[in-house]
Structure formats: structure tokens, C-alpha cells
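In what follows, chain A forms one complex with chain B and a second complex with chain C.
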Partner chain A sequence: MTLPLLSVTGLSVAYGSTEVLRDISFDLMPGQALGILGLSGCGKTTLLRALLGMLPPSAKVRGQMRTGSGAIALSNRAALRARLGREIGFVAQNPFDACAPLRTVRAHVEEAWRAHGLRPDAARIAALCAQLGLDPAMLDHYPHEWSGGMLQRANIAAAVALAPPVVLADEPTSAVDADTAAAVMDCLRAGAPGTVIVSHDLPLVARYADQVLLIEEGRITARAPRTAFAAGRLPAPLQDFRESGTLPPARPSGTDVVLQATDLVLVRGGRQLAPPLSFSLRAGEIFGVAGRSGLGKSTLLAVLAGHLPAARGTVLRDGVARAPRNGEVLTLFQDALSSMNPRWPLSRIVAEPVTTGPLRVPPVSQTAAACMALAEFGLSHIRPDARPGTLSTGQGQRVTLARASLAAPRLVLADEPTSALDPQQKARALAGLSHLARKGAAIVFVSHDTTLLDAVCNRVMQMQPLGCGRSKQERGLIA
Partner chain B sequence: MLMRTRLPERTLILPPDGLVRKMMRHPSGGWGLALVVALAVVALFGPWLAPHPPNLPDYANALRGPGPGHWLGTDATGRDQLSRLLDGARRSLGGAVLVGVAITLIGMIMGILAALAGRWVDAALMRFVDVVMALPGLIVAFAVIGLLGPGYGNLLIALIAADWAYKARIARACAFEAVRSPAATVARQIGVPEWRVVLHHVLPPVFWPLLVLGTLGLGGQIAAISAFSFLGLGVQVPHAEWGAMLAESRFMFTIAPWLLIAPAACIFLSVLASNLLGEALRDLATPEGRS
Partner chain C sequence: MARALGLRLIQGVLAAFGASLLVWLMLPLAPGDPAEMILQARRVEEPTAAQIAELRERFGLDQPYWQRYLLWLAGVLQGDFGLSWRTGEPVWDGLMRRLPATLYLVGLSFVISVAWSLALALVAARWVGRWPDRLVLAYTRVLAALPSFVLALLLLQFVVVGLGVGLVLSGGAGATLVFAAAVLGIDRAAGWTQLLRAGLIEHLARGPADVARARGARPRRVLTVYALPAAMLPWLTALGISLGGLIGGAPILETIFTWPGIGAHVLTALSVRDVPVIQAFVLIAALAYVGASLLVDALALLMDPRMRAGAVR
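Showing the complex of A and B:
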């Protein structure tokens, strides 16, 4: 009988009287990958941090972990940290956060040895580069010169440098392009005999994990082998989890042309980014813009918002070439929380559009208007005097949608508005976006997730690099 | 290996509501606040609290040790030490606060102007700041006093001249980010007038970090006023100021040590208070457990 590489029994974590994790147990067998699924806030990250010995001292941890060198109490944080790197590798969510920005990536990888007082092994680094498809010359460059996908591979190299039997990964692909996510996952599995992947992304986990655990409200509510996904014999909680992330259907659009772009050329740093673009936007429709990073999606949004002039080509608003008027355009940012004043209560944030200009209402009605808008986007359970810092990312995105509905802009520019959300929150935010479109806004939805765009947009424009055939392709024409 | 690095101005998000309550719960904040309140009372009402006229010599009672009538003793000319400490508090502490407020205001105005105007205004202002920052603060202060002559008012001007550039540089960095922040962008798109965008979305993120830094810097200002007065470049005789009091009585250390211990303790306590308060403000500004 083979022993498990990692065996966790009875892990519980509590902050004061609140239990965040209760009685988590699992085994990781050699050659296997274990996927841990769950919504944001279910305790996934706490679980990983408990295994790494990185929870704050205020957290009460119980339970036991067994690795190759024997059993250890999970409350013994110092002993857990001593095992980091040697017996357990860790890959963080965002590779740019994990690397010190002022040191080269080679220094980051070598830190794996230095943290244990060892001398870095140049031969091992070279071997890892070959195995993970890294260019050894790039190692002497700084993190900002790297792409997210490649840097995540370097992170994996650092995590597996001392050949730990187990690697833990926290949402390892959420910060990288969809294209590079697959390569990163392959590297992760190739790097160590056993892998634990924590994610909210069910398709990803179903593809790469041999075993899947579902955590809901701090407890394991379902376990299933990978084969169950293909066979369609999922335990009920997992089936529910899969279905709750279903996206809302697209709606028909109006006929008013809000914006007409003709032969638009996008330029950044004196360089043309993509072939000329031509498209029109109608009131009430969601127009998807897809394309890899670096094709000028953000530049396009800046031009549509009127922040940048177009290098060539015309943008007609209501048939006239003019700058956008106040309140005509509104941007929804990827990081919704950053677009709110952190010191204001939600009611004041949401009511900002009705404090000025033609939409102004008397101060007494402003809070009421804000509360109604919040309720409209399914946030009636949140106190209107709460501050943005208390919101989850998904709730934050819906607060900005509520603000947008009060601003009633003709054109909404959404820059990857759902990329940081788990499937449930994503579905809710997209429902909110559709609601906004029903109220008459034309929405430009920028994303690198083409499946998502196909599902929610009336039309999708695929941006192509220069010299790659046609200037654009329109597909998914659901008129 | 996996530590996060963040710029301070990003994390300095301070909620003004419930500040005093949070401060009281903070381990050092409660003490800092209590000390600051006590010192503020002394600085504001010192002249009225003083049991004797602070500048009136009484040669019959010169160099009395601490005891009834003169609780902290008297100096070489028989002036009551307690009265002089109470009277001097407003010059030591009030001056430091005045300098702190002035450099924060100058820094904020310069920083926000530079960030808003951009282009050559930004470049010109910041190069000027660079020039001032290239000179050691002490040299700038001595130069200003050399130009204007010694005196309390001139000393404050000198300290402001020595310290404002550093604040302007930080204010400009915070303002630069705030002016272009998504929150400000959305407000502009909605049609909020620019002056209100600045008031609501730019001023607070600039003000709070500067307040924290200003509080931490207060100890330095107190020490600087005392140091310059000790050298005879600040407060002039016969007026009381803690540093000047140290200077006057330093030759009598062996016969009348109380004349040095009391003002030194006051300076120490004020520097301690401002550091405790500043530290608490900084801790409250960086929420714990946010990853």
C-alpha cells in the first residue's frame, strides 16, 4: 500500500468564537492533483495558509498534518514554516505580488535556497528552466519585464526548487491570460509529484485535478473523482455549484446608434497596435471586445471615453464628431473597489451621480435613491452606511453597477469587470450588466474570456494583431 | 520569500469616523492621546496656570531646590521654574504644531498643484523641490536664520523652509495617484465639477498620509525648536522656552540639576507623545489582516 504524500486530519480554524474551517481532512496520493473548489470567502485561502503556517497568531488552529518526515500539529506554525520549500512548495495567486519588484527573478528563485541557509544550485535552476520552458537569459531581468504567465512559471520553479513532494497553489492562473493558463497548469503538475490546487474555477479544476473537494462555509460538502465530471454523476452540492454559475441570456438591442467608429487606429508609444477598427454601438446592446493583452483594448476604451484622441479615424457620438458630454460615458473598472471613495458610505458613493448636473435631486432624496438602486442590484441586505472596504469584490462590482444605473449614461465601458469574481458573483454581476443594458445603455464589454463574451454579448469583436489577416471578425450576432 | 511589498500611500486609507474610539483601543494610541491632550492644555492655558510671573526675577530666592512655594525650584535669578515651564510650553509645543501645520499646508498645495497642472508646472515645482531637498535641512535653517537674524518668529520660518520640500514631494506622489484614480475618473465622467473632484477624491488621500507623517515629525520639530533656542538662535531672553531654559542653566548642572531635568523631561514627554500618536495613526491607517 502506498502512503499519501500529504495527509491532513481534523483541520479547524477559528477566530475567537467564529469557526472559519471545520474538520477538514484529506489525503494526497503520489502522482495526483487535488482540486479544492469553493466560492470566495469559503475558507480556501485560510486552509492553505493553515498548512503553510502563515495564519496570524489570533487564529486558533487545530488538526494534524502528515508529510514524508512525519506528523506535525498544525498549530505549530514555526515547525510548519521550517518545512516550507523542502516538503511543501507554495505558488501564490499573483506572480507579480510574489516577486520583489527591485530584485531580479533569478534572485527570487535563489531565495528558495537562501531561505534555508543553503547555497543556490545553478545546475538545478538550469534544469528547472529546461523542464518548465523558461528562458535562462530572462532570469536576470526584473519581474516587470516578464509576462504574467512566464513569471508564474518562474514562481513554480522557486516553489519546486528544493524538490518538495507537494506543491500548494492558490488560484495559480487567475492572474494570467486564458491562453497561458493551460501551460501554467501543465508546469505545475510537472513540477512536483503531488499538487493541491485551490480555485473557484470549476472547469479548470475538473480538467487538472484527479480528486475534487468542494468547500462550503468552512466544511467539505462534496468529494468526487475526476471521472464523475465526465460521467455526469456529480454529488448534489457539486452539481449545484456548477449550475449556479450559469450566465444570463443576452437580450435584444435597440436601434438608436449611440456611437459609430470608423477606421479607428489605436496607437501607443508611437506604435500602431492593431488594424483599423470600425463598429457601431446601439442603445441597449452589449458589445464584446475580445483579444489578447497588448492589442490595445485599454487604449480603445480610453479613446471611446474621450480621454485619448484617436490617432486616425473618426468617432461619431449621436452622429456628430464631438467629445463626450458630462454623464454620457461611464467606465466600470476591473477593480471596482478602487473606483469608490474608500472613506464614503455606500449610499453616498452610489448617490454621487444625483448630486450634480441635470440629474441632481435634493439631498434628502439622495440616500433614498441610493438605497433603491442598491436594492435593484440585489444588495438590499447590505447596510447603506457600510464602507467599501467591507465589501467582497463581487458586491463591489454590483455597487458600481447601482451607481451606473443612477448616472444613466448612454455608453458604459466595462474593462474586464468580472475577471476577479467567482462563478456565482460573476453571474450576478452579469445579470446587473444586462439590467443596465435593458435600461438603455450601450455597453462595451472588454475581456479575454471569449466563452464569457459569447454568452452575454449581442455581438463580439475579436481584435487581431497587425498582419494577422482580417482587421476584425464579428461573430455571435444575436440581434 | 512571498512577502508583499506595497507603497505606503496606497495603504494609507484612513476612515475619519470613530478615530478617537479606535485610538483609545490601540495599545500606544490611548497613552499618546492622553499625553497630547495634557500637553495641549498646558500649552494653551500655561500662562494662567503659572503660580508666579514667569519672567520676574526674585534674587532673594535664587537657586532654591524643589519644595513648597516653588515646586520645581527656582533658577539663578530666582524665577519660578514651574511657571517658566508652563509659560514656555506654548513656545515649544505651539511652535512645533505651527511649523507642522504650515509645512503640511504648503506641501499639500504644492503637491496637488503639481499633480493637477502636470507638464511644465509639475516639472518646475518638483525640480525646485529637488534643489531644496538636496540641501541638508540644518543648513537651510541656519541660512534662513542668518538672513533674518535670530528670534522666535524667524526660527519658525527657518524650520518651515527646511522641511516643506519633503512634504511637497510626498503630497505630489499621493495627489498624482489620486487625480488619476478610478474614483476621480468616475466622478469626472458623471460630471462632478473639478473643484469638487479635488475636494472629495484628491484632498483626503493626500491629507491623511501627510497628517500621519506630520504627527510623527512633530517630535522632531519640538526637538529642533529647543535645539535652536539652546544655541541662542530661537527664543530670546527673558522669554521661557524649554530648550532655552536648558541652555541658560547648563552651567549649573552640578549645583542645581533640577533646572535641567524638568525641561529635558518635558521635551522627552512631548517627543514621546507625538511618536506614540503618530505610530497609532499609522497603524490605524494600515488595516491588519488585509492581504
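Showing the complex of A and C:
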């Protein structure tokens, strides 16, 4: 009988009297990948940090873990940390956030040795580069000079440098685009004998994990082998999890042309990014923009917002070439929380457009207007005097949607607004976005995820690099 | 990198020229006739017309402004700041006799305060929320709120006079130097400590530190290798700004310690409106400021690869 590489029994974590994880047990067999699925806030991250011995001292941890060197109590953080690197590797979610910006990527990889006071093994690094498809010359460059996908591979190289039998990965592909996600997952599987992948991305986990655990409210509510996905024999909680992410269908758009772009040429750093673009945006429609990073999606948004002039071509707003009016264009960001003043109460954040924009509301009714907008986006249970710090990422995105709905913009520019959200939160945010469209805004939805765009957009424009023949294709036109 | 540095250097030279123009403008913009002011500086209360005419001739006061500025600038570039109105001796000689003592004091106190704030901030960040951190915080709060001359006076009263350690009238070297420098340095370190401590704590909670811990790095390594370099950038900027202000702020403190530096000289010049001396001192202080900013910019460029890339673009 083969022994599991990692065996966790009875893991519970509590902060005071609040239990955030209860009785988690699982085994990881050699050569296998275990997927741990769950919505944000279900305790996935706590589980991972408990295994790394990196929970704050205020967390009460119970349970046992067994690795190659024997069993250990999970409350013994010091002993757990002694096993890090050698027995347990870790791959963080965002590679740019994981690497120190002042140090070269080589230093980042060598940390695996230096953390234990060892000399870095140049031969091992070279071998890892060959195995994971990294360019050894790039190692002496700094993280900001790397692409996200490649940097995540370097992260994996650092995680597996001391050949730990188990690698724990926290949403390893959520910060890289869809094309490179597959390569990153292959590297991860190739790097270590056993992998634990924590994610909210069910299709990804279903593709790469041999076993899937679903965690809901701190408990394991379902386990399934990979074969169950193909056969469609999923336990009920996993089935519900899959369906909770069902997206609202696109709605027919209006006829008003809000913006007409003709032969738009985007330039960054003196270099043309993509062939000329022509498109029109109508009131009430969701217009998808897809394409890999570096094709000028953000530059396009800046031009549409009026922050940047187009290098060539025209942008007509309501049929006239003019700058956008105050309050006409509104941008939604990927990281919604960073677009809020952390010291303001939500009512003030949401009501801000009606204090500065063309539509004004007298101060006495501003809070009421904010509460109505919050309720419109399913946030009526949140106190209007709460601060943004208390929100989850998904709630934060819906607060910005509520703010946008009060502003009543003609044009909404959404830059990857859902990529940080779990399926349920994503579905809610998308419902909010189509609610905005229904109220008459034209919405430009930029994303890597073409499947998502096809599902929710009236039309999708695929951005192509220069020299790839046609400049764009439009699909799925719903008039 | 070289280009970015060159750009900073050009900016620095432009700033120095701007400063020289402003400093020189002190003379024509000051109320009153310079010739009479010169005589007043020499305690001549009711000058005769002949005396005034002779002075105008000697100091070139009858030439147009722009010519006088260029002449003054040409002199300054050769180390000639003109003649003191009070004594008639060259301004440069008077300053150079006293500047070394000031530089000793200022330099030593700067080194002490940099080292002290670095050490305190590291200790505080290593044991955040525990007693070493609380002690450091309490200490910095008190000292940051206390003007440095108050601390200096208190220490003089209790340590020098009360305990008989050191000398009230200092000679400009030795133990009194270290004492004065330490008082100034420890006082100034308070704000820097708070800045660096906050930066360290912030960077200890960021991704790179977290990942280093997940590789098995010990707390001390995470602190010194990951948090410190990142937290140092804003701290260095603050150091640079203060370094520039050190020479300008020297007169008050030197007066308290009766330090034989530039301070008393400049205060006398101020009280009798000896404009050339004041001009020279202000220009030296301004140049120290420009030089310190240049130094900090160069250090930041050396440390942060993203800034190197940004400057080349």
C-alpha cells in the first residue's frame, strides 16, 4: 500500500468563538492533484495558511498533518514552518505580488535555498528552467520585465526548487490570461509529485485535479473524483456549485448610438498595437472586447474614456466629435475596493456621483439614494455606514455598480470587472452589469475570458495583433 | 540608468541657478539704499554723501541689476562671494573658517540619527505590538512632539549642569562634539523612525514577505531582506530632505551649545543685515539641499529597477 504524500486529519480553525474551518480531512496520494473548491470566504485560504503555519497567533488551530517526515500537530506553527520549502512548496496567486520588485527573479528563485541558509544550486536552477520552459537569461531581469504567465512559472520553479513532495497552490492561474493558464497548470503538475490546488474556478479544477473537495462555510460538503465530472455524476452540492455560476443571458440593445469609433489606431510608447478598429456602441447593449494582454485593451478604454487622444481615427459621441461630458463615462475596475476611499462610509461612496456629477441630489436625501442603489444591487443587508474594508471582493464590485447606477452614465467601461470573483459573486456582478445596461447605459466589457464574453455580451470584438489579417471579428450579434 | 542620472543632474544644476537668483534678489528687494545699509552695518549712523559715493563705487552698486547679478554669479562660481559689509573682509574666508566645525556637528549628528532610527525601526517592526515596539512608539511620539532646542536646553540643564558631564561652553571638538551631535541626532531620528517602522510593517504584510516565509525564511531574514529595502525608499527621501535642511537649521542649535561654527557668524550677519554673508550662507544651504536631493535620487535609481526603466522610457 502506498502512503499518502500529505495527510490532514481533523483540521479546525477558530477565531475566538467563531469557527471558520471544521473537521477538514483529506489525503493526497503520490502523482495526484487535489482540487479544493469553494466560494470566496468559505475558508479555502485559511486552510492553506493553516497548513503553512502562517495563520496569525489569534487563530486557534486543531488537527494533525502527516508528511514524509512524520506526523505533526497543526497548532505547532514553528515545527510546521521548519518543513516549508523542503517538504511543502507554495505557489501564490499573483506572481507580481509574490516577487519582490527590487530583486531579480533569480534572487526570487534562489530564496528557496537562502531561506534555509543553503547555497543556491545553479545546476538545479538550470534544470528547472529547462523543465518549466523558462529562459535562463531572463532570470537576471526584474519581475516587472516579465509576463505574468512566465513569472508564475518562475514562482513554480521557486516552489519546487528543494524538490518538496507536495506543492500548495493558491488560485495559481487567476492572475494570468486564459492562454497561459493551461501552460502554468501543466508546469505545476510537472513540478512536484503531489499538488493541492485551491480555487473557485470549477472548470480549471475539473480539468487538472484527480480529486475535488468542495468547502462550504468551513466544512467539506462534497468529494468527487475527476471521472464524476465527465460522467455527470456529481454530488448534489458540487452540482449546485456548478449551477450557481450560471450567467444572465444577453438582452436586446436599444437603437441610440452612444459612441461611434471609426478607424481607431491605438499607440503605446510610439508603437501601433493593433490594426485600426471601427465599432459603434448602442444604448443598453453590452459590448465585449476580448484579446490577450498587450494588445491595447487598456489603451482602448483610455481613449473611449477621453483620457487619451486616439493616434488616428475618430470617436463620435452622440454623433459629435467632442470630449465626454462630466459624468458621461464611468469606469469599473478589476479591483473594485481600490476605487473606493477606505475611510468613507459606503453611503458616501455610493452617493458621490450625485454630489459632483450633472445629476445632483440635495444632501438630506443622499443617504437614502445610496441605500436604494445598494438595495437595487442586492446589498440591502449591508449597513450604509460600513467602510469598504469590511466588504468581500464581490460585494465591493457590486458597490461600484450601485455607485455607477446613481451616476446614470451613458457609457460604462468595465475592465475585467469579474476576474477576481468566485462564480456566484461573478453571476451577481454580471446581473448588476446587465441591470445597468437595462437602465440605458452602453457597456464595454473587457476580459480575457471569451467564453464569459460570449455568454453575457450582445456583441464581442476580438482584438488581434498587428499583421494578423483582419482587424477584428464580431460574433453573436443580438440586435 | 546613466541617462536618468544625467537628467537628474541637469535638473539639479537648474535648481541651483534658480536658487542663486532668488538669493541674490534679497539684496535689490530689501528695503533701503544698500550703500546706507552697508554703512549701518559698520555702525556709521549718519553717513556723508562722499562716504556713500565711495561705497557705491567700491561695491559696484551703480551698475544695472542684471550686470550686478552676473558679476556676483561669476564671482560665486570662483568662490568669491564679495566683501562682508560689516567687516570688509571676503565673505568666503569668514565662512570657511567656521564651516568645518559646523560640518563636524551636522555630519556626526546625521550619522547618529540615521543609525538610531534604523535600529529603532527594525526593533519595533520585528516585535510589532509587543513591548519593544510600544517602547519605541512612546519614545518617538514624545520626541517628535518636542522641538529640538527644548530637548537641547533640558539636556544641558540636567546632564551637563546637573550631573557635571560635558561642558556648557564647548570648544568645538571631542566629547562636547559627540554630546551635541547625539542630542541633535536622537531628536531628529524620531520622525524617521516612525516613517521607517510604518513602511516595514506594511511591507512585512505584503506578498513578497509572505512568499519568503512560505519558503521557510526566518523572521529576521524576511525583515532585513524583504521589508527593509522596500521600506527604505520613502525613508531615504525623508533623510535627503532633512540632510538639505541641516545646514540651514544649524545656527539656532549652535547658539544653544555655543558651538564655534557658522551659526553665531550668520546670526550676527542677520542682526546687522550684512547681506553678502546672508546670501552666501543661504546659497550654501540651498546647494546642500540640491546636492542631498540628487544623492537620494541617485540612490533610489540604484535601488529600484522600476524607476530605472521609467526614466529611460
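Structural remarks
Keep in mind that, in the parts below, the second predicted complex is superposed on the first by the 476 of 479 C-alpha atoms of A that agree within 3 Å, B and C clash if a C-alpha of one lies under 4 Å from a C-alpha of the other, contacts with A are read in each partner's own complex, and residues count from 1 in each chain.
FYI, a residue touches a chain if its C-beta (ideal position, glycine included) is under 8 Å from a C-beta of that chain, and two chains touch if they have at least 3 such contacts.
Please read all numbers here as calculations on a predicted model, not as lab measurements.
After alignment on the shared chain A, the placement of chain B and chain C results in a clash.
Once chain A of one complex is fitted onto chain A of the other, the partner contacts of A:M340 are limited to chain B, with no touch recorded for chain C. With both structures placed on the common chain, the touch criterion links A:G389 to chain B but leaves chain C unconnected.
In the superposed model, A:M29 makes contact with neither chain B nor chain C. Touch criterion met: A:A98 reaches chain B and chain C at once.
When the shared chain is aligned, no partner comes close enough to touch A:A431: not chain B, not chain C. Of the two partner chains, neither chain B nor chain C is touched by A:M138. In the superposed pair of complexes, A:L330 makes contact with chain B only, with no contact to chain C. Contacts of A:E352 after superposition: chain B is touched, whereas chain C is not reached.
Chain A is touched at more residues by one of its partners, and among chain B and chain C that partner is B.
In the superposition on chain A, contact of A:A305 is made with chain B only, not with chain C. Common to the chain B-facing and chain C-facing surfaces of chain A are residues 85, 90, 92, 97-98, 100-101, 111-112, 115, 158. Taken together, the chain B residues at the contact with chain A in this complex read 1-5, 13-16, 181-183, 185-187, 189-193, 196, 200-201, 204, 287-289, 291. Looking at the complex, you find that chain A touches chain B at residues 45, 56, 85, 90, 92, 97-98, 100-101, 108, 111-112, 115, 158, 305, 324-327, 329-331, 333, 335, 338-343, 352-353, 355-357, 387, 389, 400, 403, 407, 409.
Residues of chain C that touch chain A in their complex: 206-208, 210-218, 221, 226, 229-230, 303-306, 309, 313. Every residue of chain A that touches chain C in the complex is listed here, in rising order: 52, 54, 81-86, 90, 92, 94, 97-103, 111-112, 114-116, 142, 144-145, 155, 158-159, 269.
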